[in-house]
Every structure is written in C-alpha cells, then in structure tokens.
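Multiple structures are listed underneath, in structure tokens.
First subunit A sits with subunit B, and in the next complex the same chain sits with subunit C.
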Partner chain A sequence: MNELFQDLVVQMLIGISTGLILALVASGLTLIFGIMDVVNFAHGELFMLGAYMGWVFFTMTGSFWLGLAAAALCVFVFGLIMQRSALRSLIGSDPLTTILATFGISLVLQTAAIWIWGPTVRRVGAAFTGHVAVFHLQFPVYRFLVAMLSLAIIGGLWLFMHRGRFGLWIRATTQDRQMALAMGIPVPLVHTVVFGIGAAMAATSGYLYAPILGVDPTMGVNNILRAFIIVVVGGMGNLWGSVLAAVFIGMLEALAVIWVSPALAVIFSFAALIVTLLVRPTGLFVAVPR
Partner chain B sequence: MAGTRSAEKPGFWIAFLVVVAVLAVVPLWFPNSFWQRLLTEVLILGLLAMSSDLLIGYVGMVSFGHALFFGTGCYGAAYALTWTESPFALWLALLLGLAGAAVMGIFVAFYSTRLRDIYFSITTLVFAQIFWVIVFTWTDVTGGENGLVFSPPRLSFLGLFAAEFTTMSMHWFVLAVVALCYVFCRRVTQSPFGKVLQAIRENEPRTRAIGYNVERHKMGMVMLSALVAGLSGALYGIFNAYAAPDYFFFLQSGETVIYNVLGGIGTLAGPVLGAGVFVLLKELFSTYWSPEYYLIPVGLLFTIMVIYMPQGLLGFLRHKLNE
Partner chain C sequence: MRQEGHDRRVDENVWRPGTITRRRFVGVGAASVAAAGTLGAAMLVPSPWRRAFGSEKPIRVGGIQPLTGPAAGGGLMAKVGQEVAAERINAAGGVNGRPLELIVEDSEGKPAAGIRKTRKLLTRDLVDVGQGGFMSNVCIACMPEYRRARIVNMIGVCLDTTITTSRCDRYTFRPFDYAPAQAVAFAPYLVNNIGKKWHILFADYAWGQSTRDAYRDGIQNQGGEVVDTTGIPLGTADMVPFLSKIRGDFDGLFMIFFGKDGVNVVTQAYNLGLHNKYRFAGDGAAVVAGTNLPAQREKALGFVGIDRYLPIFQGPLDTEHHRKFFDAVFEQSKQYDPNGILPDRYSQSNFEALNILKVGMEACDFRGREDTEKLIEALEDLQVYAGDDFPTGDRLLRKADHQAFTNEYIFEVVQGAGDTYQPKVLQVVPWQDTIVPPACQFV
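What follows is the complex of A and B.
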C-alpha cells in the first residue's frame, strides 16, 4: 500500500460525500428547470440562506437537528413567497428573462446577508464529531452521515414524485403544462410547491455543508457554479443524471486536489463541462435521446 | 445587396452630435475632478455594456462572462504599459488589450455556436470565473490579489504629438473612442450582417432554412462583442493606471447585464445610459447609506424592471414619446 493509493482512496471518499451534498442543490435546480423552465440563478443564495437559518436556530437551541428542520422549513416558505411574488408572472416567457430576474434576486439576497450577518464566517457544530481510521488518516464520521442523509432525501423526493397524487401532478406538469392544466391539475400550485421543495433542498444542503466549510455570505456564489456545471453535465431536468454528475464532479475535484491547489481544482470541473458540451451537449448521464 | 445600406436620417446625426458635444463640454463646469472622472468611468463602462448589448439585444445570447473580455483587455493594456514607455505606449496598450480579448473571443465564439440560451449564459459565466481563479492565484504573472500597477501612458498621435493625460483630455479621448465605437456598432447592426443576426434571434431554424450560415454569423458577432469589451477593458486600465483581478469577477459581468436592462436592450445607446444610472445610484446609496450595501436597492430595482419594464429606460421613454 503506497502513499498515493491511500491518498486516492481518502480523496475519493471525500469526493463522494461532497458530491452527494451538492447533489441536493443540483437536483433542486434541475427539478425546477424541468417543470417550469426557470434557471434559478438565486439557487446558490437559497443554499446560503439555509445555512444561515440553520445557524441561527443552531446557536439558539444548540441542537443540530432542530437547525436542520428550521433551515429546510424557513427556506421552503421563502421559496414559496419568492415564486409567488416574482417568478410566477414570468413562467412561459423567455427563459432569459427568468435568468435576469433570479440573478437580480441573488444579488439582493447576497448583499442582504452581508448586511444582516456581516462578512465573518460562522461555525456550526457537526452532529457527530467522531472519526474512523482510513489508513493513516482520521476520516470524519460526519461526512459518511451527511452522504447517507443526502441520498435518503433524494430517494425520498423520488418516492414523493412516484407515489401518491401530488407526485403524479408534478410529473404530469413536467411532461406537458397545457395538457396538465386541461386535465384539471392545479398547475400554478404545483409550480409553487415544487419551487419550495427545490429551495428547501438547497437549504438542507447548505446547512449540511456548514460544519465542513462554515457559513458566510459568499458560500452561495462559490458553490452555485459547481451546481450549474453538475446540472449541465448531468443533463438539464434529469434527476438521477444530476446525482451521478454530482458524485462524478465531487470525485474529480477531490482527486485533483492531490496534484493542484484546491482553488485550481475547479478547472477540472470546467474541463468536464467543456468535454460534455463538445461530446454530448444534452448531458453525459442522459439516456439515448428519446 | 446594393441599395440595402440604410442611410441614417439627418435627425440621428444631429441628436448624436448634440449628445457628444454635451458630454464633451459639460464636465468643464463640474466643480471637481471627482465628477469628471465619474463621467469618464460611465462612458467606459457604457462601452462594455454596449458590447454586451451586441449579443443580448441583437442575437439574443446573454453573456454572463463579459468580465472575461473586459479583464483580459485591461491586463493586456497593463502588460504593454509595464514593458514599454515608448511614445506609442498608449496605442500598444490598446492593441495588446484588443489582442488578448480576441484570443478569448475566438474560444468563446467557437463554443457559442454549439450552445443555446441558458447553456451559453452558464458557460460564459463558468469560463470567466475560471479565469478569475487563475488571475487570482497566478501571482507571479498577474500580481494576484494586488493586481498590476503601472504609470499611465502619454497621449500621443503617431509620434507627432505627446502630452501627459489630464482629467479632461482623458475624458475627451475616451469620449472619442466610445462615440466612434457607437457609430461603428450601429452600422454593423444595420448592415445585412446585422439583419441576419436579428433574423437568427427571431427564428433560428428559419434563418438557416433560407440558407444563411448561422454559425459564422454568430461567431462574427461574438468576436466583435469580445473586441469592443476588450477595448473598454484596455481603456479602463489606462484610465485607472491599475489592473485588478476584480475586473474578471462575476460581479463585473453581472453589472454589465444590469446596465443593459436598466438602459434598454437592443438600443446600443441605452446600455450607456444604464451604466450612467447605475453608477449614479451606486454613488447615491454609497454616500447616503453605505458603500457595501448599494446592491440591495439597485438589485431590487433591477429585478422589478426585469419583471415589469423589460424594455428598459430608453425603451420606456421612447414608448412614452410615441404615445
């Protein structure tokens, strides 16, 4: 067992766990795009907002799990309000208009976060602080836990979409908005709720990421770029494609860190994006075009 | 295609000359150089916005990475000025800035033909951000976080004449470049080439079916946009005698898009007005509230305008005047 091999294994574990956390953001993004053709440029800010909401409740109650619930719930409600007030009237218009509108919202939210909470990095304690030995390194249990939790949430979303009436509505609206409306499905309600779910998933991801990275106003901008790359690599509107792409990108960057500085590791994701766009612009993990 | 070249109405030239004359003379009455420099800055940022409008307004491609061309233009000028003090330094700086932007432009132009709306936006954003990371970390060449500081060049014309830049001569120089660029860009958008691009914006498959080479037209416009953005970056570098990694940052690209929406997409002059409004609002909120948080009110205004007044200020005024 040489040093490099051990590094590779450890970095792969880190990459998979990071990837699964990011998969939460990306699957929310892709879900929203799939159903209402809205590319949510403010998704990173919902991620950041979730981390802050969780941090507020975490410092108030001292409970990691209460913080998680509060983050998801607060940002869910915020997502509902945002969709109702700003985005609803734009659905069906040029996708570029929604990009611009959500971009404006993201600027406001990010600056507002600096205004309210200041630029300092806030800390959230992990639910589990234990470590397991992986070769010569102590690997935090928290990363395993978070990876499992993310996977469970995405699995839950899948079940929600494939069992029960509301899930059927969501899938029907994604397939054909006009037809769904004609069949009596309350499409505007479905849109609003799906946006809320996507927002809550981003919030959950942000909060789960907090013990690893800390909470600061720019965390949204820094991670949304990766989420966009993931969504494009995985195929816009494709849930499992996004999850696979997230793990792929997470591992790629984690492995790149062995050779280059963490800041430059992003370039590898970009290379993946370029290759995807060259080879299969509709996404690497999409089944053969229908 | 003889005879399709549209002659400008005389009214346009009168309005154009009046605006340029006002912009040239008014700063003379400004109380101090702060406001004079602010107006020059608006013109340079307006040129950047104009370059972005060439894509947004005339091809329907929203670039979220115009900071890439702007930054490259700026660093290109910076390199020329750190190397040389020759009488041609000013022109070398502009040329190197343009060359840098052209290289980036070729790359983005190549991709632009493969990417439609959102994919184009995301890719330009990612690409610009990657270069921001590179500029930020590659300290030996780019000066990293500190950027590059250099002495401003002398104003010269073909070696015949040389003088130090003053605040006003810098303003007039920038005004001349921006006005020439405006006339040129307007000509391009009204040329058959520009008309084909507008046809692509309205209906790409049909334009292709008629027999136009869509890819080549798009690539040409991306290149032109990159060059104009690079020129504005080079001017900005010369104007500030400073090149900073921030010029590559996402916020710079984002603000460029904001200028467009504020002023009016697809008007070329509108984005310059938008840049003016933005800079003025930024100054106002910075003075009376806080320089860090101006994006809260400005961002709100921007979002509301996207939703309720998508034609922008100039479009809105034009509509009101027509009533």
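What follows is the complex of A and C.
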C-alpha cells in the first residue's frame, strides 16, 4: 500500500480524534458566549484547573472515573463562584471589560496553580492503554475513547438544553434576555448556572486531555487559541457549529500535514479563520436568514 | 407593608450614608493605623544579609529567569539554585566582606520581556554583575544589553552553541557545557553501542537547532548517519502530527527537548509505539529531567542520555559536596512544591555560576561595576576544582571563547526502588575529553 494512502488514513484518524477533543473545549466557550456575550479568556485556565482537580482525586482514589466526576463538579462550583463574584456585575457592559476581567482571572489562576501545585508536570494514567495497529503506528485507543466521550458529553448537553425546564430557560435567555426576564425567567440564575456548566465542560476536557499532555499550570494556553478559532469558524454561540468547526479544523490541519510540516499546518486554521471573518463573519455553520 | 418598611430601615441602617458615627470613625481609623504600622514595621525589618553585614553596601547580582509561562518549571529551579548559592555565600561572610544581593526578574520566557527586565536591572537596580538567563533566544537578545552597559553576564542555563561561537561576547561567560562538547563526548557511545542511523527530533528554536547541528556533526564524525531531522515548535502540546510522520529504517530517535516538551515527546512517542522500533536517546536530563521522570515513568525506561549533572549519588557524584548541594536545593524547592523537587541541571548550573563569579570577584578584589575589566581578566582561563562550590567537579573557563568544559555523564533510565525511575550512570567522560577548538572572535 503506498505511503500517500497510509498517510491519508492516519491523518484522518488524527484529525477526527483531535477535532472531537477540541470540540469539547470549544463547546463550553461557545455556550458561555451564546448566553452571556462573555468572551471567557479564563477558559484555558478552567481547563487546567479541571486537570489538576482530577489529578488530585485520581491520586487519592486511583480511579480515573472518580477523578473525572470530581474535576467536573469542583470546577462547576468554582465557575458558579467566579460568575457570581466577578462577572455578574459586568454582564451587558462593554465586551472589553469582560475580556480584561477574564484575562486577569486567567493570570491569577495560572500563577496560583504554580504556587499550589508547583511547576512540575503531573501525570494521570489513561483509562485504557490499548493500541490499534494502523500501518506504521500503534494508535492509542484512549484517543478514540476521549473523542467518543466528548461527543457523548456534547450530546448530553444538547439534550439538557432541549428537554426540561432549565434547558428551555437557557434557550429563552439566549434568544432574548429582556423578554425572558419579563416572562419571569430568573435570568441571573440562568447565567450563573450556564457559566458553571461551561466551566465544567472545560474541566472535563482538561482532565480527559491530561493522560495525553500531562498536567501543568500552562496546559490551557495551547488549546485555548484553537478553541477560539473553532468558536469563530463555527459561529459564536452555536453549539453544533462548534462541533462541526472543530472536526473541520482538526481535519484541515491533519490533512495539511501530509504535504507541509505540521508546524506550518496551523496556518491553514488561521486561513480558515480569516476567510470566515471575511465571507461569513457569523460563522461557517450558522444558517443565514433569508 | 410593615415588614417591607422594616426591611428598608434595616438596609438604610447598614448600608446608607449618615451611619458613620465619631466612635465608629475613630475605631476604624485606629485599626487602619495599627495595620499600616504593622506593615511598615515588617518592611523595616532588615533582610538577613543586612543583619549580618550591617551598613556594608551589597554587591548586586541581577538576572532573569522564566518564572511564568511554559518554561516556568525550569526557571523556578534555576532561581532556587541562585538562592541557595547566594544564601551560602552570605552565610560564609559574603564576597570581599560584602554581602551579595540577588535580584531575579521574570523574563516570561520571551525575548522582549527579557530585554525589558534586563534593562531595568542594569539601569534602575544598577546591578554590578549579571547572572541568569534560561531560554537561549532570550539570552541572545539580552547579550548586547550587557555589552552596552559593560557588565559581566554569567549565563545560568542557555545552551545555544552560538553564544560562545559566532555570537561570542567579551562580557558574556558560559560556566557549563555546550552541545559541541556534549556531542564529542556522546557520539562515540551512540554510534558504537546503539546504532549508526539516527533520526533527530528537536525543539525548533535557537538551542534545539544548534544542538541538532552539533549532534549531526558528532554522529557523522563517528561514521554514523543522521537520516532525517524533525523540528517541533517550542511549547507544542499535541506532538502526534509530528511523530506520526516518523518512519523508515534507522536505529535510534535522538530527542533534543526540555521541560514539559520533554515529557510530551517521550510520552507521545511511546504511546504511538515508536519505542518498539527505535531506541530513545537524547540530550539527557533536559528530556528526562528529575522533574519530568515522575510524569514519564515507564515510558522513559531505557532512554539513554548525557548530562553534566544527575541527581544521583554514583561515581564522581557520590561525594559529600554533592549531598550538601542536593539537600540544600531540595529544601529550598519546597517553597514551590511542598514535597520538594529534586535538583536538576538548571539549579546546578546557576548554583555553580554564582560560585564561579564569587571566585572571580575574590581573585580581583571586585568592588562594583567599575571593576568589570578586572573581573573579566580574573574569570578568563579560570580553573576551579570539585568542592562545596562546585559539587559536579572540576572545570575550566576558557579564555578564547568564555566557554567552560565540565565532566559529562552518559546514563540510562532504569527502574529504581518501588515505583520510581532514575538515571544510572553508564560512563563518565572527563572534561578534558570534551574539549573542542574555540570558534570565537571577540569584537
């Protein structure tokens, strides 16, 4: 079998798995923006915080799944506190204000992580350690598992938003905040809970990523830039748009790797971002009203 | 209605203006004054060196380290090395009867921030000598600042070859090894004991590129061959796109990374099964540093590396000097990790860099930045010997290029007691056998 075909198969696998993992990071970000118009620059640090929380519980209990639950729960509570104490009074103000506030929080969290857990990289053992032979590589099963879990979590979020009263409140708040208030929906509570859910999604992705990347205070920085690209390409506030954009960006970079250096492949993501902003500023996967 | 009115009165009493009585004002004022007084008194408490040396003016040593950003892990350990050395020097009476005052600024691992902080050290803090620097691109960017200020710059970690070759500078010294010396020491082992064909994976920036060139020359000079090289940008979290392209007929994968990138490259290459086909080797403790091994664990088993320092007590490292250094760094590192962090090449090289400055300053009776020329002369061709100041052994700081030559340790990662992993020394290469000709023309 020729090398090009092998590369195509390997890179498509990498692209899809990476895309779905990034989709989880981006979906939390887009959810928060969709409801509150807050561009959360601390999302990467919530990702990192989740990895640390999971690592702490993983170390204590030895259970990967308990670590996952603890990461999501702890950072959900942290998200509630962060929204209530620092962001609630800024909602509706100049977007620059919330950007600066969340950026400040990100710096505080990163430095706090260095002081609390130290600068060394921590390790979380993967839930599955098996491999699948794909031509010249042994592809780790865990990567597929994380991709599937990401998809399941996003699906669960979609169900939460489309079944039940709280989901209805969230959708109503997204459509028209003032009207939702007038109809008696507790909009401040919706904002706080949604921020908590977004934070928990960042934490979940951070913990799921931990066996691949290791846990360290700067681990959020790398992924957050790509998550922002995905959110813009997919359409700010559009959940499934983010998923599609994540797979699209993941595949774009992976396939580009066949012909150019992986270091240059990221240029294709930025090109996609620029084209999106020029041609469809609302996002590639948002239906244009006729 | 009555309840509503009551609530409003309570609110007004608690929150509205007009409730600040004279008594409350005096009480709050007194508390504020007391707090400010306590803070002020705390600020007036003399620093440890001021207590020991009275009004003696300190010799100011300033440097930059990446205390935040991707290289913060190594930067903090570099700072620990500096702190341990400065405390030890001051406890022993300082330098020429004067205390050392250490000022460390955060370079964030970025050249622009590094230059800004270096200028601050040179112009506002008026440091007498410079000692520090971690990332090679930052060190290279800051070298002209020291040259312009005519201040000695004793580098702490930066390994880019050009610092003491094509970019060499009369004011800059590197008191530890560099890639050409390591390659001379390591290439024979790689080619004769592991295999002739190599693929080099490197951190794609100044240090990684110059180290790649040094090892390519070293392997070729020994009759080996470098079949391909792959550069991975610094700080890349997911290296799978790079690693998935590696295939072909060769014997070993030579890795040139440090810090978190070292953890990622070993872990992710192992996860893709590359260890089944190729032997992992590399620029030693930078990849499998003591701080990285707990995260790499069994994935680093069998890794063969070279380094100037290893946190173990074997061969020439099984000395009382080394134990003292080891214990002091481990204790000092607890400010960043309550469990303590094992000493590494970053804490070691900064510790010894500050000590070699002390030896030079004592030799020339250094009083301040006006004595820079005397200090340069004292440091050139300075030979120092194993002891508490230099726990890793003897070394020479060559006059021709301001480059030092140190003992090198070739090691393999093995499983230690219980569930730990540690380096085991396979061969010691004395510093005399690592010497390469100078390639520097001072301007």
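Operating definition for what follows: the second predicted complex is superposed on the first by the 278 of 290 C-alpha atoms of A that agree within 3 Å, B and C clash if a C-alpha of one lies under 4 Å from a C-alpha of the other, contacts with A are read in each partner's own complex, and residues count from 1 in each chain.
We take it that a contact is a pair of C-beta atoms (placed from the backbone, for glycine too) under 8 Å apart; a residue touches a chain by one contact, two chains touch by 3 or more.
Treat the numbers as computed from the prediction; the structure is a model and nothing was measured.
Placing subunit B and subunit C on a common subunit A by superposition gives a clash between them.
Residue contacts after overlaying the shared chain place A:Gly234 against neither subunit B nor subunit C.
In the superposed model, A:Arg123 lies in contact with subunit C only, and not with subunit B. In the superposed model, A:Phe139 makes contact with subunit C only, not with subunit B.
By the document's definition of touching, both partners, subunit B and subunit C, reach A:Ala263. By the touch criterion defined above, A:Pro217 reaches subunit C but does not reach subunit B. With both structures placed on the common chain, the touch criterion links A:Leu273 to subunit B but leaves subunit C unconnected. In the superposed model, A:Ile14 lies in contact with subunit C only, and not with subunit B. When the two complexes are overlaid on their common chain A, residue A:Trp115 makes contact with subunit B and with subunit C alike.
With the shared chain A as the reference for superposition, subunit C clashes with subunit B in the stretch 243-251, and the other listed options (243-251, 261-269 or 279-287) are free of clashes. Residues 110-111, 114-115, 221, 261, 263 of subunit A are contacted both by subunit B in one complex and by subunit C in the other.
Residues 7, 10-11, 14, 18, 110-111, 114-115, 117-123, 131, 136-140, 142, 212-214, 216-219, 221-223, 253-254, 257, 261-263, 265 of subunit A are the ones touching subunit C in the complex.
Residues of subunit C touching subunit A in their complex: 68-70, 72-77, 204, 231-233, 235-238, 240-242, 244-245, 247, 260, 263-264, 267-268, 271-273, 276, 291-292, 294-297, 336-339, 341. Subunit B makes touch with subunit A in their complex at residues 56, 60, 62, 64, 111, 114-115, 117-119, 121-123, 125-127, 129-130, 133-134, 136-137, 250, 254, 257-258, 261, 292-296, 298-300, 302-303, 306-307, 310. Residues 39, 86, 89-90, 95-97, 99-101, 103-105, 107-108, 110-112, 114-115, 221, 225, 228-229, 232, 236, 261, 263-264, 266-267, 270, 273-274, 277-278, 281 of subunit A touch subunit B in their complex.
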